[in-house]
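Heads up, the next two complexes both have chain A, just with different partners, chain B and then chain C.
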Partner chain A sequence: MPITTTRRRLLAGSAAALAFPAFARAQGAAKPRLTAISQWSAGSDGAAITALGKKFEEKGGVWQHSPVPGFTTEMMNKLRAQIIAGDPPACSQLKGPEIAAWSKIAPTVDLDSIVAAAGYEKVVAPDLAKLHKPGGKWIALPLQIYSTNMLFLSKRGMDKAKADKIPVTWADFNELADKMKSAGMNYPLANGGTRPDDGQKFEASFAGISPVAYRAAIMNLDKKALEGPEIKAAFAQTRKIADWCDPNVGAQPYATNLKRFIDGDMGMMIQGGWAQGVLRNAGFKFDDFIIAPGPSDNGKPVFLLNADAFIFWQRKEADLQAGQMLMAQLVMDPAIQTMYSQITGSIPVRTDVDLSGEGWSDGQRRTAAALKDAVANNQAVLSLAHNMAQQNGLTAAMIDVLTEYVKNKTIKPEQAVTRLADAVEGAR
Partner chain B sequence: MTDVVATAARPATPDWVRRLPEYLMIWVPLLLSAAHLVTFSLWTIWISFTPSTLVPVTGWVGLRNYSAVLVSRNWQIAFDNLLLFGSAFVLLSLMTGLLLAILLDQRIRGENVLRSIFLYPLAVSFVVTGTVWSWLLNPGIGIQKLVHDLGWTSFRFDWLVDRDMAIWTIVIAAIWQSSGFAMALFLAGLRSVDADIIKAAQIDGAGPIRIYRRVVLPTLWPITITVVVVQLQFAISAFDLVRALTNGGPGIATQLPALVVYDLMFQRSQLGRGAAAAVLMLLILLAVLLPYAAWRYVRQRRTTHA
Partner chain C sequence: MRERTFAPSRLLIYLVVSLVAAAYLAPLVVVVLNSLRSNEEIAQASMIGWPQQWAWNNYARAWSGFCVAETCAGIRPYMLNSALVTIPATIISTLLGAIAGYAVSLWRFRGDNWIYGIVTLGLFLPQQMRLLPWTIVLRDVGLINTLTGLVLIHTIQGLSFTTLFCRNYYVAVPHELIRAARIDGAGFFRIFWRIILPLSGPILIVTVIWQFTHIWNEFLYGVTFTTGQQQPVTAALIALSAAIADIPQHGVQSAAVIIAALPTLLIYLLGGKYFVRGLTAGAVK
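Right, the complex of A and B next:
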């Protein structure tokens, strides 16, 4: 008798044990799950994606984010390894033309229907939208936008130079820099000397002189535009910028100069919108600096787009597929974009988000207004320095020329034009 | 007594069984590492002939990756830098190491302490060396600023941000790091010189400088060659030091081949070209190592025949 009981119990037990995983699986199918990789692990970036994960969990999802700290390329190495192993994450960070390149090595998710249902395409800058639908179908979604050519002005620096007008054109900018120099500032510009920083000096000059020529030369690699008068003028302006920077900064980032910038020992900086977050994190107040759109010779704002995005990789598991749909909805949601940008200091991808409310800075409002204006005037172009205009290989070859030009003052603008055209030819 | 008889009576274990542990100890790791090295080298060579970009793919592009790398400005600058850095670094570290060794060889007090001090940099990783020197050499915060603050305001030492001189900052840091290694080897060589020969030279009336020049230093040849080869292979594969110190800058003035390989493979996602650059590096290494192997072979033959 006791033996039978035991047997029965045993049988029942094993049946339950066998059934349990199936039960769990059935539950899981109803529960969206997302495996994601990105480089965002710390600081405001880490905080923002953690907040996004919380929202994902609030909607009943299972959030499995594995950050790969360090450079974007390290995140890409992990992604490459996972794709080769046949186990891509459901969703990963990727941006610019790399979306098109990577989508050729592994199948991606077609997001067209969900994007159409949200009416999302109407509220995204057209050049940006194109990057996220390389084969004509949406496979990736932009998350947040920065402009790489914002003009940061030091309040104390302006006072020192007795200037109160925000420069609009490059002529205004050059005049102000001269004024600051004669007011005793050895180096009116607080830019750093990293590769992307050198690229930004050039792209801000070029797009500010002529967004049309920039689009043709840098984005479309048009041979005539690559050797045109505008690009030569851009190199000449870049040289001026380089001469106003502290040569001792070497290859260090702009962040080394922030104190001197706020103290008014350096007056201006051409930097991406992310510098606002860095300045705020370093303990400086909004009263210490002004953010305005970068110089533009035709007076209308030029916006050099840099956008982070998520690409969605095809998975067979039902829970991951449900997770991808939920994630796509969240990323397009204006409330989520608001939350994200308010943490990182970027601006929302959607051009219809109202930034007049609390939680936004003047700089963010000006950036968003600049984007709207730039899109309306077809002056929103893609940043070269931050891998938005061309794929990594070509970008790196072009930045080689730019950074060498910035550091080597014996190279003439016309030589630089030839070198850039040669580099493009060599890397294609 | 009985024990000995018993042992002798037992059938002799075959030679190979007795030596089995030795074989296992030597051959298993050797084969494993050789297999690793050889397979990955062969694989890299194969990749260098394919049109691989983001991920390895099959296909054949002939020497196109090689020609693309060889004409690129990055590689040309890197190669010129390698010639300059390699020769300057090897010669100078050899000289510093020898000088330190000779000075330490004077039976001075506190030799152990001094030897540890000179050897200490070797225990520091190249990334640390590079970072520390990047601070020291930064004109705005390092040596130049120190001298300025002391009152000599016209003093200039801005090699780190000077395109033409930046490569020498790498030479300085590399010498600081590894002349202790050369010193240790030379010191061992100096100490192994037969004291009788030196005494004989002294009796013949040779002064200390003459003894070093004519008697001691000629015995150091084999050590010198070892040091040169070890330092050269470090110079050719130098990566972390440059990355931490100048990161190839200012601009691309201090590129070195290893940086180009890393850059092509992982920053630019051009696996094929990166592999081609890696194979070129291997060829440069072989150009150093093959003569060394030949020299050792010849020397060995000479000693066995003598």
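Right, the complex of A and C next:
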């Protein structure tokens, strides 16, 4: 008997020993800690998340950010590895419909009460909010917004074409491009040739022609809309845009054209708001260019939403849980969103942030105003080219068609319509 | 007399070879030139151009200045990480591959060809397909997010290549040599150390070059199975180039690429002449 007793005691003792650290942790759970994964490692993106980390530390938290350099795929590989290893980050960068897809892989944190307490839902564009609450519960929080269809105009290019009116509709845009061409510009458009860039040419055309048809076809994959007259018109407009771009750019980013754009050898560019920061960092002045909402045939701004967000993964550790709550509060905070967007050149997710003050550019003010208008008119839609409208597999299949269409000028718009519809059917 | 007949054709050969070499070297020239131009200069002129002012500080920033998120230490710590993975993995996988190749080619045993076939199957599996299985293995042995884990992966995956190379090289070794050694009483390992290894110079150099280059340049596993400060140099290079919301830092990028390529360049310069020789030695078997 004494042996059994000893054994039992030993067991009880070791159980207590095992339990003790957990107990101690629970007692001193005050210090919030956050493990985070993002692909933001360099440039203004890196600077912005570093600044966010500083704020987190100022609030008494421990900030443990591991950047995964590269593109979305690398970060997702890393995230998958961490989830399989049973060690998901407390929060990680994720965007668009991938939030819903990934939330099925591992348990996420229910943020409903903290979002409600902050009154956040009222100030977020509805389509955007929907992406972050798959199944009706908030599990992720958007951080910043870009529009992918802003129109950049070169001041010198406008002077060269003796134009002073900012185009509002696609007809205005086409007229101005023709004018620039006859003023001696071989390539009035300064867009690049990357996959997202080709996707942007198409989505800007489509959403600008009809945001309603865009929503039905691209976001909801409605078969009738995918074969409708608006999408055919969008392909025709995309062809015009492609013809006005320099084919020698190949698959390079638009940044290679910036010098020619500013010099007035190229006049316009359809690009995301991030191009503003790129132009500024390259040493160009605000006087060198104008930023306006992308062309819209009904005259009201159309906003192609691209938003970065954080998803929160369930953790048992009390310090990580406290860290998640602190992070959620920070991400929703207007002051933090202001700080973040002023570094990256985006606009805040909150539609109630005042951008009239110092630190904001006219381009950012116009973008924010466009978002407000677009939301009011139900013309804020999700970007396909930047993985907001569909999951990665479908997006990739659709962009394949778009990029081939942009580069192969023998494909007719009606053929492209069929190809896109087939690609959607095949990838579903 | 003799010189007159061969001069024109020689000239033509040199001309063609020089043209091909120029085409191959052009990208390198662009990178070297850009590594000496400031970012502003590149952005405001063009990707291709002569430096107006020599921007030597690109190299200083690349080596120890630029930031990856919160850490501003340049490429230096990541170079060390890559070395800590590449050197042991290259040595171990080459040695094991030599032993395996020797066993498969010179010691006939039941199922030897099957084993050889299965080992080389590893060559045909895409990297992405092996990512998840490796995740599970590293989790179970507790090596996730460690450099040791990467050494393990590269050693085991390298075995397919190193075994293939060494086996094809050793097939040419006369079996009589082995038989004679066995009659003299030498065993498996003694024959390997005393007879096979001294014959293996060219093929070992080939496998070392191959493995070193491959592991040094590897990105997918490096970025998935490490975290933060342990990442390999390829991850740091991508961190420097993948910023979408920023002007491409072509100057510093070019300098960093050149620094990161130096170790592999050095290996090629030292062992290059054996490379083709060793490859072709095994090619026809």
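The working rule: the second predicted complex is superposed on the first by the 400 of 428 C-alpha atoms of A that agree within 3 Å, B and C clash if a C-alpha of one lies under 4 Å from a C-alpha of the other, contacts with A are read in each partner's own complex, and residues count from 1 in each chain.
One rule holds in what follows: a contact is a pair of C-beta atoms (placed from the backbone, for glycine too) under 8 Å apart; a residue touches a chain by one contact, two chains touch by 3 or more.
From a predicted model like this one, the values you see are computed outputs, not experimental measurements.
With the two structures aligned on chain A, chain B clashes with chain C. By the touch criterion stated above, A:Lys78 is placed in contact with chain C alone, chain B being left untouched. In the superposition on chain A, no contact is made by A:Glu227 with either chain B or chain C.
When the two complexes are overlaid on their common chain A, residue A:Thr403 makes contact with chain B while staying clear of chain C. Applying the stated contact rule after C-alpha superposition, one finds that A:Ala282 touches chain C and leaves chain B untouched. Once the two complexes are overlaid on the shared chain, A:Trp40 sits against chain C while remaining clear of chain B. By the document's definition of touching, neither partner reaches A:Glu121: not chain B, not chain C. Contacts of A:Ile105 after superposition: chain B is touched, whereas chain C is not reached. In the superposition on chain A, contact of A:Asp172 is made with neither chain B nor chain C.
Of the two partner chains, neither chain B nor chain C is touched by A:Asp243. Number of chain A residues touched is higher for C, counting chain B against chain C. Overlaid on A, the two complexes show chain B and chain C touching the same residues of chain A, namely 77, 80, 84. If you check the complex, the residues on chain C that touch chain A are 39-40, 43-47, 66-70, 131-132, 135-136, 138-139, 144, 219-220, 223-225, 227-228, 231, 235-236, 238-249.
Across the interface of their complex, chain A is touched by residues 53-55, 68, 71-74, 138-140, 158, 160-161, 163, 246-247, 249-253, 263, 266-270 of chain B.
Contact residues on chain A toward chain B in their complex (touch as defined above): 73, 76-77, 80, 83-84, 101-102, 104-105, 193, 246-251, 391-393, 396-397, 400, 403-408, 423, 426.
Residues 39-47, 49-50, 53, 65-71, 74, 77-78, 80-81, 84-87, 253, 255-256, 258-259, 274, 277-278, 281-283, 344-346 of chain A touch chain C in their complex.
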